[in-house]
Amino acid sequence: MISVKKVFKIIGVAACAALVISGLPGWISLSKQNEEQGGNTVVSVMFHVSSSSKEGQAYKKCVDAFNEAYKDKKIKATASYTPRTDGSSAYETALISMKLENKLPDIITFDSPKCSYYAANGYLYNINNMVADIKDEFYESSLNYYNGDIYGLPIQESSAGFYYNKTLFRNAGISDKEISEYGDETPWTYAEFSSVCERLKSVCEKAAVNMNFGGTADETTPYLLYPFIYASGGEFASEDGRTVTGYLDSEDTVSAFYFFKSLLSNGYTTDQVDANDFYNGKVGMYLSSGWTIADLRNKNYSAFPSGSNWGLLPYPCDVPGCAASATGSWSFGITQNHHSDKSAARELLKWLVNDESSATITEHTGMISAKKSVNEGRYEKGSPEEMLFTQLANTGRARPTMVGYSVFSTTFNQIVHELPRTDNLEKFISEKTAILQETINKY
Amino acid sequence: MKKSVKKIIPMQNGGQTEVEVVKGSSGKVALNVVYYVCGAVLSLFFLFPLLYMLAYSTKSDSAIAASAGTFAMFLPDFKNLGAAFNNYKTVFIDYKIGEYALNSLRYAIISIVLNVIINGLAGYVLAKFRIPGSKFFTFIILFLIVVPVETSIIPLFMVVKRMLGFKGVANILGIILPATISVFNVFLFMQFFQSIPKDYLEAARMDGASNLKIFFKIILPLSKPIVATVSVFCFIGVWNDYLWPTMLLVDNKDLLPIQAALTTIRGEKDLSEGAKMASLVITSIPIFIVYIAAQKYIVKGFGTAGLKV
Amino acid sequence: MEIIALLIFCLFLAVFLGVVAHDLYKAKKTNTPFRVKNCIAGILMIAPAVILCFLFILLPMLFSLGYAFTDYNQMRPDEVHFVGFNNFKEIFKEIGSGGDMLYAIKNTAIFVVGVVPLQILLALGLALFCSRKVRGSSIFKVCFFAPVVISLTVTSYLWLTILDPSEDGLFNMLLGAFGIPQQQFLKDPKTAMLWVVLISAWQGCGYQMLIFISGLTNIREDLYEAAKLDGANAWQRFIRITVPGLKSSVLYITITVFIGACRIMVQPMLMIGPYSEGLTLSYYMFLQGTDYGLVGKSSAIALLMTIFIGLVTFVQKKVLSKK
């Protein structure tokens, strides 16, 4: 006699077996990969987003269009999608493993501050001569240089600014006319910035401004705050990115950090505010990057019903002529791999950054294009996007290029974290600079 | 024949809960009430992250922002159930998390079967066989258990790719094989098998049973708790593994396990927080179920293994 | 690389053959010879595990420990140079001059000293709570276990929100109701690590609870009955019967919790950051190895940690198993 228990057991085992067997076709098809495709020259590209995301779909469209256009020339592009993660370690691990197996894709995408790191370690190929004819079509600040040569072309641009809550500004008695002056060609000054904060302070429940001082220790805080150091006349590193002593601990750089400290000591901001405080109307201004535009428009936050009631202001500047704003997103680069003939890769690279592709990507992501011609006339006058791309064209300045950028990023975070805790910033910064210098020397 | 075995082996004594009949003195009733109230409060203290995950997975982004930092963050948004549906729909339809879950399940099933056989055989030999050099293996096992080494994943990759050179379909082997060996499991098996009386095995051997037959027909059926424990550990290991399969399957995204899908979803900046939380709920649930189903066995498995480190 | 692997293999084979020879010699001396058929079967059955263990555990482990003596950069796995003890010199110099490494050691020490007793006591308490033979106690067991299966990322972000240092943070509001002034929690360098200790113990203790429960079920019921007849009260019974009965569980749990605690990384990384109050040894290793790509230095720290943990575990085993 067969018991019920036994029947269940048999069904369970059968289900497991069926599940495993159903996977076999997929596993066997693994071995058929990487074959030459009908006499075509195959050129491969790896993207840092998943194919289901909006950005991934845009890339898919561009690659499909390329294959359509180059059918006759017998070039075929294949795309793979390895999404970067929080620490971008999966993407990097994938790169390392592919390099070990000598099967790097012909084109990869990379975060622009990492350019030197990849170039110095032999991942990226020098494309200086290859793109000499098209490099003027991009904003100068967004091209990726290493040792004076171009190693990467930007996919899109990003910039940041101060989002503000119109109701709170009105309550603080800041007129539209005053606001419009801050947004024009001459950037507003630190003094004006502080004065706005002073008036906002009394009407905001939590703080006048969210400067991301208490942010998680990732790239966000350095990305949003580094332009202030340039705007104070400071520097991070020498031209070649090999020396930080004498730059990061210089008087001007330290003065920028003291400006941050003054915002804290005057009670304009704290290291305890987060994004939700702005979304809920408890903070008047919020320093954030371009993709907050889409969030504010679409997500119907309580302080911004139906996506309105907010505006965007540029970065302030202290030393005239030193105005700076955040730039730099992901870039395309050609790799040093087993293909010594880079002509097919060049065709694909040029295709991916041409105006049509750039427009497609911008339409999908809502970010600003890296091409001047695509942006022109695209945005309404007075729209936040228009402000961002004008700022980008006028004051955009890239993050420092250095091989040890991750070390720099951690150091920057450590300094910002220390702001409310120490009175002797010079000492702390010079200590950290010495350690940073020592670590950089190892690359 | 089987029944007599159970009598010999004193292992299934724990576990069964004798339910005390709540009758009699009112003091005892009061004590029980206090017990249940304390238990409920404590449970809430340990369950609230689960409530938070479930609640967030049902909300739209604006609802999440509005409820952050208040007690409302532990309650689902009943007014807007469409948001919950959307979140789960995105994860299942757009990001195909179900397919990745099936991949993970496949790897887990194969790994568990191999894990039990390979480590079980090793434990059997170390527990019941007298072979020259067995001390050497026992020492290495104890060493590897006691001294944890922060291993980099890159050397493992170099071993698999450069020396073994897995290509194509063999990549699947590369994913499964490292998950099939675990010195801790060998150790658990060894400890458990030592409690099985030797004369019983000798009797089977007298009947002409081969070593493998003894292992599969006698040892394993007697060792359900430890097999369950090892299977659970193996399942969780495979289910949570992420970086290693990603390295091996760089250009075969369809075969990646569920954690890869989870990381993709978490890194997506145009995806709502609710959908991200929904994906976390989906990946946590199987582990939770497996633990609940197997916890009785795990308790027994640990109990009888004796844990003589 | 293949050559090094072969060398390691030969070394292991030599040691193994030595042990085999020793065993055979001893067997001959005591006149208890091995049965050849049995030996062959045994070796065949243990072979798959040994081969897999060598390839997938030992070899990568030895390689990564070996990197401690090189300048291995993550992005250049094919260009590795031997640098002797440079990495170790650098680490000790950093400890001497009060750099990040010193903070990492300090914070790890605070964490270990705090979490090991706390987590064990919590687990024991919960286990005793669940072992009461009343209907429904196994449901509590499942509830207490819940945080163990939830990802560290989720609980870390959740606690960050709850422990919001501003006035309207959840926990501050709760404290305010009892008249306790506003606290900074994780933002205060003095208390940050203590909160990480509390949160880790809370999340991890469910697992040790299961082991304690299994230890409790193994204590024979009649011992308690006998003690009751002798007139021992609950506390005496706990000290005289329960505690000695749990000896092997306590030993095992102390060692595993200690090892786990030494490797604390995710919680301080997500809840505090790479600062003087948040750096731990594993976190520092992660920064150096994965983030900066300087695998040589990170492996050197790993080697030092391994030696330290090995020594402490050895001492723990000796001390605890004596009692």
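Order as written gives the chain letters A, B and C; numbering starts at 1 within each chain.
In the analysis below, a residue touches a chain if its C-beta (ideal position, glycine included) is under 8 Å from a C-beta of that chain, and two chains touch if they have at least 3 such contacts.
Because the structure is predicted, anything quoted here is derived from the model rather than measured.
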| item | value |
| --- | --- |
| From subunit B, the most remote chain by mean C-alpha position | A |
| Pair joined by the larger number of C-beta contacts - A-B, A-C | A-B |
| Centroid spacing, where centroids are CA-atom means, of subunit B and subunit C in whole angstrom | 18 |
| Mean-CA-position distance for subunit C and subunit A (Å) | 37 |
| Sequence positions of subunit A contacting 2 or more other chains | 89, 96, 100 |
| Where subunit C touches two or more other chains at once, by residue number | 74, 77, 164 |
| Shared-contact residues (touching 2 or more other chains) in subunit B | 68-69, 154, 158, 162 |
| Subunit C residues touching subunit A - in the complex, by the definition given at the top | 71, 73-78, 99-100, 164-166, 187, 189, 269-270, 273-275, 287, 290-294 |
| Touching residues (chain side subunit A, partner subunit C) in the complex | 87, 89, 92, 96, 99-100, 117-118, 121-123, 206, 214, 216-217, 270-273, 404, 406-407, 410, 413-414, 417-418, 421, 435, 439, 442-443 |
| Residues of subunit B touching subunit A in the complex | 60-62, 65-66, 68-69, 94-96, 102-103, 105-106, 109-110, 153-154, 157-158, 161-162, 167-169, 171-172, 242-243, 246-248, 250-255, 260, 263-264, 266-272 |
| Partner subunit B, residues of subunit A touching it in the complex | 16, 19-20, 22-23, 26-28, 30-34, 49-55, 80-86, 89-90, 93-94, 96-98, 100-101, 275-276, 279-280, 291, 294-295, 299-302, 365 |
| Subunit B-touching residues of subunit C, taken from the complex the two chains share | 1-2, 5, 15-17, 19-20, 23-24, 27, 34-35, 38-39, 41-43, 45-46, 48-50, 52-53, 55-61, 63-65, 67, 74, 77, 126, 129, 132-151, 154-155, 158, 161, 164, 168-170, 202, 206, 210-211, 213-215, 217-218, 248-249, 251-252, 255, 259, 263, 282, 285, 289, 295, 298-299, 302, 305-306, 309-310, 313-314, 317 |
